[in-house]
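The first chain written gets the first letter, and so on, giving A, B, C, D and E; residue counts start at 1 in each chain.
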Amino acid sequence: MKRVTKQYSKKVGTPPGELIYTGEVRPKESEIVLVSFDKGSFSKNTVLNIDELKNLDKNRVNWIIFYGFHEPEGLKTLGNIFEIHKLTLEDILNTSQRTKFEVYEKYKYFVTSLVEQNKFTKNIDSEQLSVVLKENVLITFFENDTKLANRLIERIENKKGSIWAKKMDYLFYGLLDSIIDRYFEIISYIEDEIEKCDEKVFSEIDPKEIVRIRRLRQILVILRKQVGPLREIFHKFSRDDFEFIEKGTLIYIRDLYDHTVHLIETIDVLKDNTSSIAEIHLSVMSNNMNEVMKVLTIISTIFIPLSFVAGLYGMNFENMPELKLPFGYYYILILMALMISVMLLFFRRKKWI
Amino acid sequence: MKRVTKQYSKKVGTPPGELIYTGEVRPKESEIVLVSFDKGSFSKNTVLNIDELKNLDKNRVNWIIFYGFHEPEGLKTLGNIFEIHKLTLEDILNTSQRTKFEVYEKYKYFVTSLVEQNKFTKNIDSEQLSVVLKENVLITFFENDTKLANRLIERIENKKGSIWAKKMDYLFYGLLDSIIDRYFEIISYIEDEIEKCDEKVFSEIDPKEIVRIRRLRQILVILRKQVGPLREIFHKFSRDDFEFIEKGTLIYIRDLYDHTVHLIETIDVLKDNTSSIAEIHLSVMSNNMNEVMKVLTIISTIFIPLSFVAGLYGMNFENMPELKLPFGYYYILILMALMISVMLLFFRRKKWI
Amino acid sequence: MKRVTKQYSKKVGTPPGELIYTGEVRPKESEIVLVSFDKGSFSKNTVLNIDELKNLDKNRVNWIIFYGFHEPEGLKTLGNIFEIHKLTLEDILNTSQRTKFEVYEKYKYFVTSLVEQNKFTKNIDSEQLSVVLKENVLITFFENDTKLANRLIERIENKKGSIWAKKMDYLFYGLLDSIIDRYFEIISYIEDEIEKCDEKVFSEIDPKEIVRIRRLRQILVILRKQVGPLREIFHKFSRDDFEFIEKGTLIYIRDLYDHTVHLIETIDVLKDNTSSIAEIHLSVMSNNMNEVMKVLTIISTIFIPLSFVAGLYGMNFENMPELKLPFGYYYILILMALMISVMLLFFRRKKWI
Amino acid sequence: MKRVTKQYSKKVGTPPGELIYTGEVRPKESEIVLVSFDKGSFSKNTVLNIDELKNLDKNRVNWIIFYGFHEPEGLKTLGNIFEIHKLTLEDILNTSQRTKFEVYEKYKYFVTSLVEQNKFTKNIDSEQLSVVLKENVLITFFENDTKLANRLIERIENKKGSIWAKKMDYLFYGLLDSIIDRYFEIISYIEDEIEKCDEKVFSEIDPKEIVRIRRLRQILVILRKQVGPLREIFHKFSRDDFEFIEKGTLIYIRDLYDHTVHLIETIDVLKDNTSSIAEIHLSVMSNNMNEVMKVLTIISTIFIPLSFVAGLYGMNFENMPELKLPFGYYYILILMALMISVMLLFFRRKKWI
Amino acid sequence: MKRVTKQYSKKVGTPPGELIYTGEVRPKESEIVLVSFDKGSFSKNTVLNIDELKNLDKNRVNWIIFYGFHEPEGLKTLGNIFEIHKLTLEDILNTSQRTKFEVYEKYKYFVTSLVEQNKFTKNIDSEQLSVVLKENVLITFFENDTKLANRLIERIENKKGSIWAKKMDYLFYGLLDSIIDRYFEIISYIEDEIEKCDEKVFSEIDPKEIVRIRRLRQILVILRKQVGPLREIFHKFSRDDFEFIEKGTLIYIRDLYDHTVHLIETIDVLKDNTSSIAEIHLSVMSNNMNEVMKVLTIISTIFIPLSFVAGLYGMNFENMPELKLPFGYYYILILMALMISVMLLFFRRKKWI
């Protein structure tokens, strides 16, 4: 996952509100799309010049989508058109904000992380999604992701679900719902991975498994941090009176709140599971060690004394009467058998064999 | 226990309120039963067509029971008859809701987990139980379980307890009470299992025991998560004013609240016990290891030097005067006896023997 | 200590308020005693028939004491006489309630655990103590214990302390004070035991000590759970206005509250100590292991190479020129002395010796 | 440090308010001192008879100091003169109170622990300090300590600081400030000790260090428990309106509050450090063990196979053709050199050497 | 980092408000600078005599900067000029205050830690920064650092950002913003270090790494303690009504609050990471140990029995018939090969090879 602090350190010592893009450099072209709809009609256009956004029809829902936008100049123009505060513009560019919902005099600002798992590498990435809400205008800033917006546009265009027939608040809800869905996908993947680790407990004890389970735990810790503020925000929506959310939409927000609490509880249970599995691995490992040591001890304890006896009668003293006994060798063999028996009894009593 | 997130991921990207059954596919036939009673009479009928439910006698308590119901079409019809919001219908079908109690304009919705232990496999399963509460109509949706409802019906029919003589709120209380009882059964089973593990501490040290105690802990963590919201809900019942709960029933809800707090405290104590037992196992294991190593060290430390001495006089040098001494062999035996004595004293001083 | 859940599972599936005694079966006869007093006079009688309790003098303090009472029939009669709700009667019989104080319309109900340490076995037992408070009537239900009540009666009869001269609220306070005292006795015993374990850290390292310290910890966890609600209840007494507690008694309740907070803090400190001691034991154990291994390694590392050299010259090759050197044997002895010196220097540098 | 519960158990079963001294028996004589001052004059006298305290000049600040006072009779007389409740008198004698501030109708009562480190043994002791606050009369009860009071008296007599010119509330503040200073001294000592342990991490690994760091932790846990309530009390002073604290003094109380929060945070950081250091010790210990085992394994793995080869050619079979080869001995030496090389390569690849 | 308590212990037993400088002795000269500006003009002068500060133009923003100031006399003069309470003066000199914001009648006082990382040694130091806020006068006390103030002065002089055009509240905000930036720099450095440790998990297992990760954790614990109160203070700014903060500046304070929450969450995640990495190191270490022991056991278990057999036939008994068999030697070699095979099969079955 993305580093937590790196981007902030680019801005140390600069005055607040200075617009510096702190995300990673991307070669991809940025793009602006305007989706405009009401119950009767739908339009979708690429915006080439920001000034085109000056005259929007306030009777329709206007959704302005920025992809990979990071030109301070264009953003300043946009700020002038929609009366956006420079601190908000700064947050839009400085792509390491924690999730928050802020009420400004002329608009609301919502910023969150959009998580996604790479289909091939299975890495979990997160980018920033900023949303500015004004009377019938919804402005969204994506860093890379186009899938989320395109799915929503397709649903509006094809009149699937109810967004096409509702106001901007419901479009905003649709966006939030898609963000939460992403978390469920990833948590589900992590749950699978944890289960796989868990099943290996008795077959493959390997420190790599412990490292892997710890890595999953670190991802869970970060996801937990990202989801936490969403719960507070959804709770605030249902408690405070935000004029832009219609009463009928509140019931959907409550549903989102439910989802978020569910997510958080699941993450907490999974975190606890990772600890349990790590401890199980460690105790199986420690038990294997015990097994190894027991084998060593049994073999050594039986053969080292026997070897001593053999060595004793391998000495070259001239006067060693036992060596001349006709059955001396056989007596010694019997002695050795006795020693082995005593040892085996001892091990049996210790429950080692 | 059931996976926590899997079902959600089936719905990623679909518009909210879309009715998709996310439970496991079951071949069993679904069934609808209508139980209707007042102080004077009792009836119980299987409902073949949902439209039969349109004209219920609002002066009696009407309890509609769905078993294994998962047809989106039928549910839509039901939603129309009883004015149920599509988000509620979605929750009924999407069987991985966390426990919650929601107040809608026309009804209340309660959803929770119903835990049960399989009599033979001893596995603990949980299914979803949804309840819709309307004026004198109580609609319940079970996934599989028929035992809980049948016991209640039998109590009503045979006038055991007081449900038969009371209003719908008391029937709802009876349902909740049965749900809580299930948790007590399972916790009691887990307590037994923990006790068994505990008694093995000195007899059978086995990493399987640690795995087992950890598995019990994981179940406790999930149960804790499930019971938690019930406490909040019962607390809200006794604090807020819900017109559908009569004042006389409140005292029973308080009793449920007590049970739930008792459950939660017990789970917390048991969780703590699992940690203690796991740590005891580990320390006994580590002590056994010490025992093994001591035996190895004592044997090696005594016999390796002796073997060296024997080896020394097994060398074939032509000029080794000791070998020609008449009592050389006996001197060496005495030397060896001395070496053993010194070692034994050393071990005694170290408290190893 | 008593199992936490067992008793509940006897009642699974029964309707609420059904009176089933869930305690252990005791052969001992149950007994009912009526103590009645005011500033002027004192009487103490054994009650043979519950109906005798119907006409009590409401101008005196009437204390009804039940010992080992578990007949549902008698309890129902009692319930009728004093207007006690069936849920309260159920709680009295079902002897595994968590501590609580409930306000019913006609009376107050207090239930808690009474802990006691067996003088001989040193085991810590706990039984349930139920108290019903009505205008000038205090009804107490003990499972076994007679000592606590007898001490209070003796103090009233002999006009020790102030109970004899005060109202029922002060008698109730006296009861609570005695319950708290019991906890102090037990905690003091546990503190002694922990201290003993602690002193053995360097003399006797034994996994039994770790098991013992963990057992003490488990008892502390249960005591902590039992004492917790008492603090809340005493806090509520001093905050809410309970007409039955006179203003002058409140200062004594505050004293109880202090005691309870002190108990809780002490339990928390002791719990922390048990963890510390267990960790010390483990690290001493691990250090002992290191000592054992060092001895093994030193002995092996010195003698295994020497034995090899001895073995080398014990080979029977016909052509081994060293064997024929007149001082070959002495050269080898010098070589071995050198090898030992090098090893000892190496161990010294490693700080092993 | 002093046992936490022992003293309470002396009082089990006695009625509340019974005056029994529970501290340790001390041969030292008790002493009563009366310090009386206003802006104009100062007097300090030893009080021989408690009745002398009856007629104090209410226009001056009267500070009555009891050292090592534990006669129930004298205390009762004092209680009568100053109208002190028997529960307060009990707390004064029963020297194991937790820190609290209680408002009685006629006076305020403050009790806390006074910690001190023995100059020679470095042990940390704590005694109880009780304070009764009445209009212009401050009564303090020390168990042993005379230093704290004497320093304050000296400051008043010599007009250092401002106590001499202020009211009783400021004298009380001076007392509290001295108590807090004592904690800083001790925490500073503990910080030094922790630092010393920390520095030994690589030089002296010794289980005694772990025991020592754990002992420091136990002291920190107890100090944390003692300081906690002081924060609450100082917070209450600045929030509630206590007529006896003048507005100008409140700013000093806020300063004390700051100190206390600082103490608590420091204790928490130090506790965390003790855990870290204990873990470091354990991991260094475990690493040393690894080192020991590696040496053993390297030596054994090289020489045990070589010894076997030597032993092989030490066998006395009549027909062993190798023994008769003219260069057999040299071939075997070369074989052994090869075996050593292979082993060394293997160890190098494993990064053991 | 700086010791937490040392400085306090210098002041034990002194009356409150006594001015003793408790910082480290520094040879560097102290300096006083007066920056004064409004929209029209800017001036910056070194102040040689504190009395020059008596007549400031209250229509401009006056920023008085003290560097390394620790003369009690000068401070007293300053206190007289600006009516600063002696407790504040004490806090300014006693450089180990925890972060706080205090409202006095005539001014506000803010004190915090200014962290900085030494460019060369990479050590993290912290010094105290005190700020006194009065109507249009901002007085700051730095211990050493000049960089922070100089950067702000340069921004004002060159009209970068907006400080030059705003009131004193915005200057104060600029100061706070710079303090927070410092934390981000350090956290970013720690994140780098943790990452480096993390990457070494499989390449270099070394107890030094565990010590290092624990040291980073200790720094995080201290940073967490320092940042915590800043969040509370910024929250209070936006909630309470402080007349000196203009409404337009509040939005900037909210931005600071955001940063602080972000810092705290990051520190918590990093703390969690350090624990994870330490545990990974320990488990890799423990696995390496297992590897070492397996090699030892395999070698010993194969060769010790073989050596015994060889020793057996190295005995010098006169009557050992095997020795005379023509193929005895070859039979024994075959026996040994069999023994090796059995052992290898056993190890394979145990999954050791």
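To be clear about the criterion, contacts are C-beta pairs under 8 Å (C-beta built on N, C-alpha and C of every residue); 3 or more make two chains touch, one makes a residue touch a chain.
As the structure is a prediction and not an experimental result, all values here were calculated from the model.
K.L.:
Quickly list, by label, the chains bordering both subunit B and subunit D.
P.N.:
Common neighbours, subunit B/subunit D: C.
K.L.:
Quick one: report the Å distance separating subunit C from subunit D, using the average Cα coordinate of each chain.
P.N.:
About 26 Å separates the centre of subunit C from that of subunit D.
K.L.:
Using mean C-alpha positions as chain centres, tell me how far subunit B is from subunit E in Å, no decimals.
P.N.:
42
K.L.:
So which bits of subunit E are touching at least two other chains?
P.N.:
286, 289, 293, 296, 300, 304, 307, 311, 314-316, 320
K.L.:
Connecting every touching chain pair, does the picture come out as line, ring, star, complete or other?
P.N.:
Basically the chains close up into a ring.
K.L.:
Follow the ring of contacts from subunit D in the direction of subunit E and write out the chains one by one.
P.N.:
Order round the ring from subunit D, first step to subunit E: D, E, A, B, C.
K.L.:
Inside the complex, what are the residues of subunit D that reach subunit E?
P.N.:
Residues in contact with subunit E: 151, 155, 160-163, 173-174, 177-178, 181-182, 184-185, 187-188, 191, 201-202, 251-252, 254-255, 258-259, 261-262, 265-266, 268-270, 272-273, 276-277, 279-280, 283-284, 286-287, 289-290, 293-294, 296-297, 300-301, 304-305, 307-308, 311-312, 314-320, 350, 352.
K.L.:
In their shared complex, at which residues does subunit B touch subunit A?
P.N.:
3-6, 8-9, 11-13, 15-18, 85, 87, 97-98, 100, 102, 104, 206-207, 210-211, 214, 217-218, 221-222, 225, 278, 281-282, 285-286, 288-289, 291-293, 295-296, 299-300, 303-304, 306-307, 310-311, 313-316, 320, 322-329, 332
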